[in-house]
């Protein structure tokens, strides 16, 4: 009888608490449709799983307000405006710099914290002090790649393939070029535009330069045409790609041409070390309960961490005040994220020294898989 | 006073009215016609309703300002920016309409002009802090010369320090957007030149090639010292582009200029070129000059729209200026009414609405929902077709175009509703690109069913609201017409045919 | 009247001068380049020529569809690039997703059988002819069975994709263009743009929103090595396959247009649709046939494009650039003229490929590769301004 | 000095010699008709004079100055305007607008002052309206009143012809080239148009060159007639002289030895000399 009474009382208290509990909103805007929808959705799944793991903060329910930016800048702005209207506490998103930057232009003046999950363009966090990101910048990636090419691959002359109408590619190839030339190597940049399929002209230029290493900074769509053509025309040099090459469909069309194609990308559980690796593996287990493994990429971890750092910052701030959340986030130090430790102290909103993964495509039986080579980072 | 051209009043009441009827039976004693009296008796129609029209226009403007006031002060930031976006795209569509609708040249390179205006404006108003940031950044491709191009620097050099404060951003923006427009207009002249030799679809393709080539060239080393290549520049001040008042102010100026132009002698000539270019030339019209002029004016306002668009987004980037922009403008113009400024604004509102509030269309739904939706659309198509056949009195009323979609649609609805449990129909499917699909289907439907668009070539006028027709004969005129056709029947006015076409004896 | 007054003034030596002068310049440039850098040897230039021919053949196949439609109804079929895209995707599905489940197989087989029905129709000229109906039925049964049970090889995938895409072309004509016959040209062009946008986005909805791998048999993609003057020339068998298939299709098309009744009706309609109609030509059927043939050629180009370049890009952008460039090729050659499309396509292939091989990046020169995509547009604008009828086309200017 | 002078004009299309060594003169205030069988090159003459085509050789002088090489609009500036055989009106525009457009080339205001409706522009616009109404009133009340605001496409064929003539007059040209002004008109309307052409000369002071097939119209108003055949001038002179010229009769009727049937010859002769076939209809009304 007494137990029943206690249980009842407990239930009443709990129920009352639940009723009294307010909700806070966190905005999520990602490329859920349009040309970047694959990565956008993968990221959203990561956010969702992290949300399931930590649905409350400071005793308040967190409600995700998901908005699709349709992979367009004006869609991103529409989302940002919606968040301002809804009075969200903070915003997660977006994958592409093309969409993060316009939205940051809305959120910074409105004083709302934004944590980008995939924007690697340095300009994003330069917009203001309310803008943060989870990944490394292209500067970091370029430097890591240059170090790899020069030291591990022993290259002294590198041909860089650059998509001239894409800022990610232009930025990354520039940083690589600077870092590689600073080490004493020679580079040449070969430009192409989006949707190029016939690379003969670029290969003609390549022939006279005759490099000993090739760095590809573009996207899968073009790599899928470029790499087989390189091989067909007798270029046997090692090729390194950036994180935009991270897609197992990438090598699918080129026969065996992609064998040995390496690329740097976001750290997956295997490349992380110590506690971070365990956290990531744990998260992956949670992830496969709701989604299939093929959706688990570095961007998934990035999305999860964006949610986690925000929850941590709101907890630290003890309130949902925008400025307090920002201050708490800016003071975040050694946060145990699933994609590695995250520290915002003393940075412009980009976490310090992140770990990247070095991967290679391997042909196994009937399909291509992504093989983990190692985790790399700047020494 | 004799003819007062459709010109005097400042409002748009002279829009469709143009000028009016008045020669009511001027000396219409049958058989005698005094030309002098007819000319003297001519009087623009709107003069009789001038006060009413002005008052109504003022009231409408006041209502618009009230709405803007509510939107500006209201809670929803999104609504506010949708309004601003409507105004910006409205400037672009109304200016494209000058070439596409009024002059009848299909221009597909409007996004190219917007790109030019946008980049120029963006570069000129980039704040010094952002500029320094860019200069420090390792990746900037901007040359020092381009870095120095800043309205703020110019004002400083001129000693106008009071105009370099954040509060006076609008002054700098006005200067920048003016320069952006002028540069775009210069390119408009350049693009206008092929129009001297080419006609119709060839010209459309050349303008299309221009729009694409501008974007491709903007990222090459040739221009990247000004455009910063593909990187573009972030941090363009958004205060003007996101302000409802400023954007609607620019829209008002654009509409004012375009409406006045359309109903001036120049506008008539441009419409003449649309109707028949060879005849225009044979009537002394310097078609080359006027086509280039139309391109230049249109490009100027496109440049202004580009500047505002860059300001609205806050960055100047190449992927803001893809061909889809011109496509949406084309949808707005064609759906609203080719050549009609009010119609074009209507179309723009529709396009902006679908673009900004159409996200439910692109969500993930089970396949059964999609099948039902497709079925409903097909049934709607059948109903519209049936209605049209009724209105146009076509037989057989139940043509294949009616029953085929109807049958398919009904089957789809039934399958979707009854087969809900079927595993094949429970697969979820995301409606990628449904907004664009909707708009392109709408465009197709409009082109097939009503190629001139909802408003046609008409403008919204008060005379139209009050059903005042200028082109319908008065009783006297009807009688006279009948007499002209056949004097023997002259007495009985009612027998003459209303259209007034002569009936051969 | 002097007889000489009747002879048109034509300076026949000018084209020859241009061609020979150009060849001379090219030869000089090649020797110069070889002097600058040993890498630019005969094998290098031979490779550039064959690759130009390969790319040019693909452009030519697409351009034929533009030129045929333009010749018949004076419409720039903006959606043709997207038809090409659908052709590539159809082939992809037929090629790597077969065997299909039965309902899909029946649907696809119906489309193919309808296309075949049209072809039998060319021959018998009556759709109710028992031979035609029986043929279509046999094709329907056979294809349905084949699609549901086996995986198609690239050749049969290409043929099937050609029929599916051809039927799509006819459907576009029936639904979007036929109601607009006689409407202003601008309305038709705007509709074509709308169809193009529709297909792009429908492609995203239905196929995928990312690039799709196209797995050609490794026989075609593997490394193939020749010796040219002792220097190795690396290439693959596609270099032979593409021009060969193109040549076969062009010859077949030419035979069709010149030798068959329907082909003659087609030429008559191109000359003057009204008169052709009065002479008993079923103009609508001729136009539908034009769309069918043009779309089939585009589908063939799509398949070979996928095989050549290994993957096909996402539907929203795949068709745009090849489509527009092929249109430029058609204009360069002379729109409305079949040989013109082939000449223009091959010429564009050489412009994009051989020209960049002639001006590669050297120590002293940054190269012209960055501007490669604008060549087609620039060449088209120049041709339109200098000789609007194109290289081999006839004059289409308006009569007063 | 003659107003218009063609001196040895030649023009060929491909291998076809459309106009061969054509010379004639036109004095001020004259009404001259150009007649000839179909395909004789009458419309080509108009196209050559108005600059649509350039002559291969020879010269066209208007008031002593050469017109060759000028663009059509520049030729209108000089004072030569035309109508078209198959009506080229601005069909979606109103009658009034159709007659205002040809006056635009005389407008001396920039587009900006037309946007801001400066007094100078408004005054010109008013004058343009007056002139337009004046030209339209040439045709009586038919094109006045509500018709001013009707789009041309709803007008009857005859009214369109009239609008086109008014439009040509409104250019301010001194020389009008009328290409079959009475095509598609019934006999009553043809008589009316004959009268109007005469009034255009007498009251408007225009010099008129016309191409016409209806011989009674030609007979009634022409001061002179020029006969073309296969691009050459067969004959020139007063109507009565020209129609009796054996070369002209041969051009129209063929040679005696021709196997043309008597009926066909009679029909052709009907068109050339007799009143037109519509005479019966006229009697009925």
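Every chain is named by a letter (A, B, C and D) in the order it is written, and numbering of its residues begins at 1.
By our rule, a residue touches a chain if its C-beta (ideal position, glycine included) is under 8 Å from a C-beta of that chain, and two chains touch if they have at least 3 such contacts.
What you see is a predicted model; the values in this text were computed from it and never measured.
Ranked by number of C-beta pairs in contact, the top chain pair is B-D.
Chain B has the Cα centre that lies closest to the mean of all protein Cα atoms in view. Chain centres here are Cα averages; for chain A and chain C they lie 40 Å apart. Measuring from the averaged C-alpha position of chain A to that of chain D gives a distance of 75 Å. Chain centres here are Cα averages; for chain C and chain D they lie 48 Å apart. Multi-chain contact residues of chain B (touching two or more other chains): 216, 220, 278, 431-433.
Annotation for chain D: residues 52, 84 touch two or more other chains. Of all residues in chain C, those touching 2 or more other chains are 209, 316, 320, 370, 373, 400, listed in ascending order. Only residues 74-76, 176, 179-180, 183-187, 189-191, 193-195, 197-198, 200-202, 204-205, 209, 316, 320, 324, 327-328, 331, 366, 370-371, 373-374, 377-378, 380-381, 384-385, 388, 398, 400 of chain C touch chain B when the two sit together in their complex. Interface of chain D with chain B (complex): residues 50, 52, 71-73, 76-77, 81-82, 84, 88-94, 96-97, 100-107, 109, 111, 114-117, 121-122, 124-126, 128-130, 132-134, 137-138, 140-142, 144-151, 154-156, 158-159, 167-168, 171, 186, 188-189, 281, 284-285. If you check the complex, the residues on chain B that touch chain A are 75-78, 80-82, 85, 133, 137-139, 215-216, 219-220, 229-232, 234-235, 238, 312-315, 317-320, 355-356, 359, 362-363, 430-433, 435.
Residues 2-5, 7-8, 18-21, 23-26, 28, 33, 35-36, 38-39, 42, 257, 260-261, 264-266, 268-269, 271-272, 275-276, 278-288, 293, 297, 457, 470-474, 477, 480, 484, 486, 499-502, 504-505 of chain B are the ones that touch chain D when the two sit in their complex.
Residues 32-34, 37, 67-68, 70, 73-74, 77-78, 81-82, 84-85, 98, 101-102, 105-106, 109-110, 121-124, 126-127, 139, 163-167, 169-171, 174-175, 178, 191, 193 of chain A are the ones touching chain B in the complex.
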